[in-house]
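In what follows, chain A forms one complex with chain B and a second complex with chain C.
So, the complex of A and B:
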């Protein structure tokens, strides 16, 4: 299905937490709109993301079997919100869906998607250490790449680089 | 070999202890099977038929530090791995040698500025004998580094302490 058909189907199913659909558009100089390239995505309320994913997975006509990606992005040091980015794939129907959820940077918390997609485990662990997002209900919330005693969240724009680690200088 | 040369019958060979030990050491530098990043691919090429590190007696890649003489640090060393590298180095029996292969192991390489977990050179945790430039170095460069290490071993003395150089 195309993006619009997927959105219509999700609206018909009354999938929880849909905020809006965002599609690429050309720049409009009169309205000072810089436009947007890339692919269309759905904006979801973060609290309802897990319920939304369950609808996406279980519906016959959507059938998103695979969680391709779950990550975050920090749009800038001045921005108040983090983006949570999710990508789903249906092998059966050969369609994809991109999702985005906006989380406040202060104490970002999200229910874990591992109950719906077990593939989310490692993605969420990386998201936890790199952006400081807490995933409630994650079965194994350890660091996945960084050492266990690492301080800070490196992919946050306000991250301060360490000066030394275990006595080895980083300068 | 001095006054003793040809003083005995056939099949008797006279030499210096240092020369004999160094000859044995530098022609059997067994490296450890150990690669950290893309430099390890070049290291594997050196081990394969075309470049053939076996010509130098260094083709016996040992799967344990306890049998290895040489640690080729082939790749990016981050802090998490650095502690393991140090532990492996400590487990190697003396005399032991280290080659820092490539830009990362030498000084952090392309991760120098923004690599928050990358150690800016493996010589911050273990002593390095030979540094090899390149990103990654060509196989010939690694062989050159190995020959430099052989030169270094050739200059060492077991009985006589080497002259202190400032």
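So, the complex of A and C:
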């Protein structure tokens, strides 16, 4: 199914938490809009993300069996929100869906998707250490790539590089 | 007979009282305690294929738990991606899956190109990309073939695999000057045209490899000892593969017929598939349970042959022409965001790229197949024998440069 057909199906199923569709648009010089290229995303409320994923997985006509990717993005130091980005794939119907959830930068928290897709477990661990996002109910919330005592969240735009680590100067 | 049995030393759990034999002596007694033992496999262990540590919890010969510890090779690829220009990041992509650098270049280039709707990729560039990506897939699977044999204890196939891989590397050296980290596939096309006679050399390689492949198949894949070591262990069902988000040969080994090259085609793969040039090998449970280590291995080895067929098709239809589109020296990517996944030798390599219209990415996320495929170990290992753990880790075919990025 194409993106629009998937969104229509989700709306018909009354999937929880749909906010809007974030689709590419051409540039508009009169309104000084640079436009947006790339692929469409469906914007979801972060609190409802887990219930939404369950609908995506269990519906016969959507059948998103695989959670391909779950990550976050910090769009800029001045922006008030972090983005959670999810990529789903249906093997049976050969279609994809990209989701986006906006979270406040102050204390970003959302429920863990591990109960729906086990694949989310390591992606969420990476998100936690890199962006400081808290996934409530995560079974194993340890650092995965960084050392356990690392200070700060390196992929946040306001991250300050350390000057020393365990007595070794990094400058 | 009964006497013999009574005098046979038997293993007792500690705390159990030894029996008194009919002659009045106490039974010969091995006090074997089987408390839990934690064994560190790695970080420097040949079977982990890089710097990775698996913390195994064992009860005697039985593995009761496994916990992979990563991060030893973390080189901050995603952070670098936010700090260097679009084209400058390309050499870093070589370094996550260093056994399939062409495919990494391709994944990143396609992701960036998806944000540039005006950019046209010349047909010769697309076909050269396909040839290089498939050659690299063969080279990568040859390593998987050789090192898996090595893990199991078969030394010979490793040398044969490296001999053919050497040939592929020599071909790459001729086209781009590098043997491991190519940076050949660029945003907009490829770096330069193939030197004269290069395509003929690729055709010659295909001829020889097709012949050798059958020997390799018989040497290891259907070898009785190898089959006994790899069948019925590390079984991943299709549901489990879905749940853990496995892709590539790990998914197909479980009997799921899915390949991005056919099902969500990119570049010229739709045309190649429609021409009937290749098929998708899928695990069938031919030697044991469906989704065991043998099935995954068999899928990889068969894929090499399919890649040869794809290359042959490309060699047939390739024509003279431009090899790179109209790309400036300093690339400015239009504002936008996109996720693009391609079929790497190890599964789906995805790039999420986000541009604000400038020279540098806002976010450059890498969805690495090895990272995701490795997570299944935590569930796969409990209940297996310690001796099989190496076979199971080997069958996931990870590259640690990619898990840690």
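Keep this in mind: the second predicted complex is superposed on the first by the 171 of 171 C-alpha atoms of A that agree within 3 Å, B and C clash if a C-alpha of one lies under 4 Å from a C-alpha of the other, contacts with A are read in each partner's own complex, and residues count from 1 in each chain.
Just so it is clear, a contact is a pair of C-beta atoms (placed from the backbone, for glycine too) under 8 Å apart; a residue touches a chain by one contact, two chains touch by 3 or more.
Since we're looking at a predicted model, the values are computed, not measured.
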First (chain B), second (chain C), both or neither touched by A:41: second
Larger contact residue set on chain A - chain B or chain C: C
Chain B versus chain C as contact partner of A:76, first or second or both or neither: second
Partner chain in contact with A:147 - chain B first, chain C second, else both or neither: both
Chain B and chain C footprints on chain A, overlapping residues: 146-147, 154
Complex contact set, residues of chain A against chain B: 146-147, 150, 154, 159, 161-162, 165-166, 168-171
Complex contacts: residues of chain B adjacent to chain A: 79-80, 82-83, 116-117, 119-120, 124-125
Touching residues (chain side chain A, partner chain C) in the complex: 24, 27, 34-39, 41, 65-69, 71, 73-76, 85, 87, 89, 91, 94, 96, 98, 117-119, 121-123, 130, 143-147, 154-155
Touching residues (chain side chain C, partner chain A) in the complex: 70-71, 74, 76, 78-79, 82, 114-117, 242-247, 251, 256, 258, 263-264, 334-339, 341, 348, 350, 352, 354, 356-357, 362-363, 365, 367, 371-372, 375, 379, 404-405
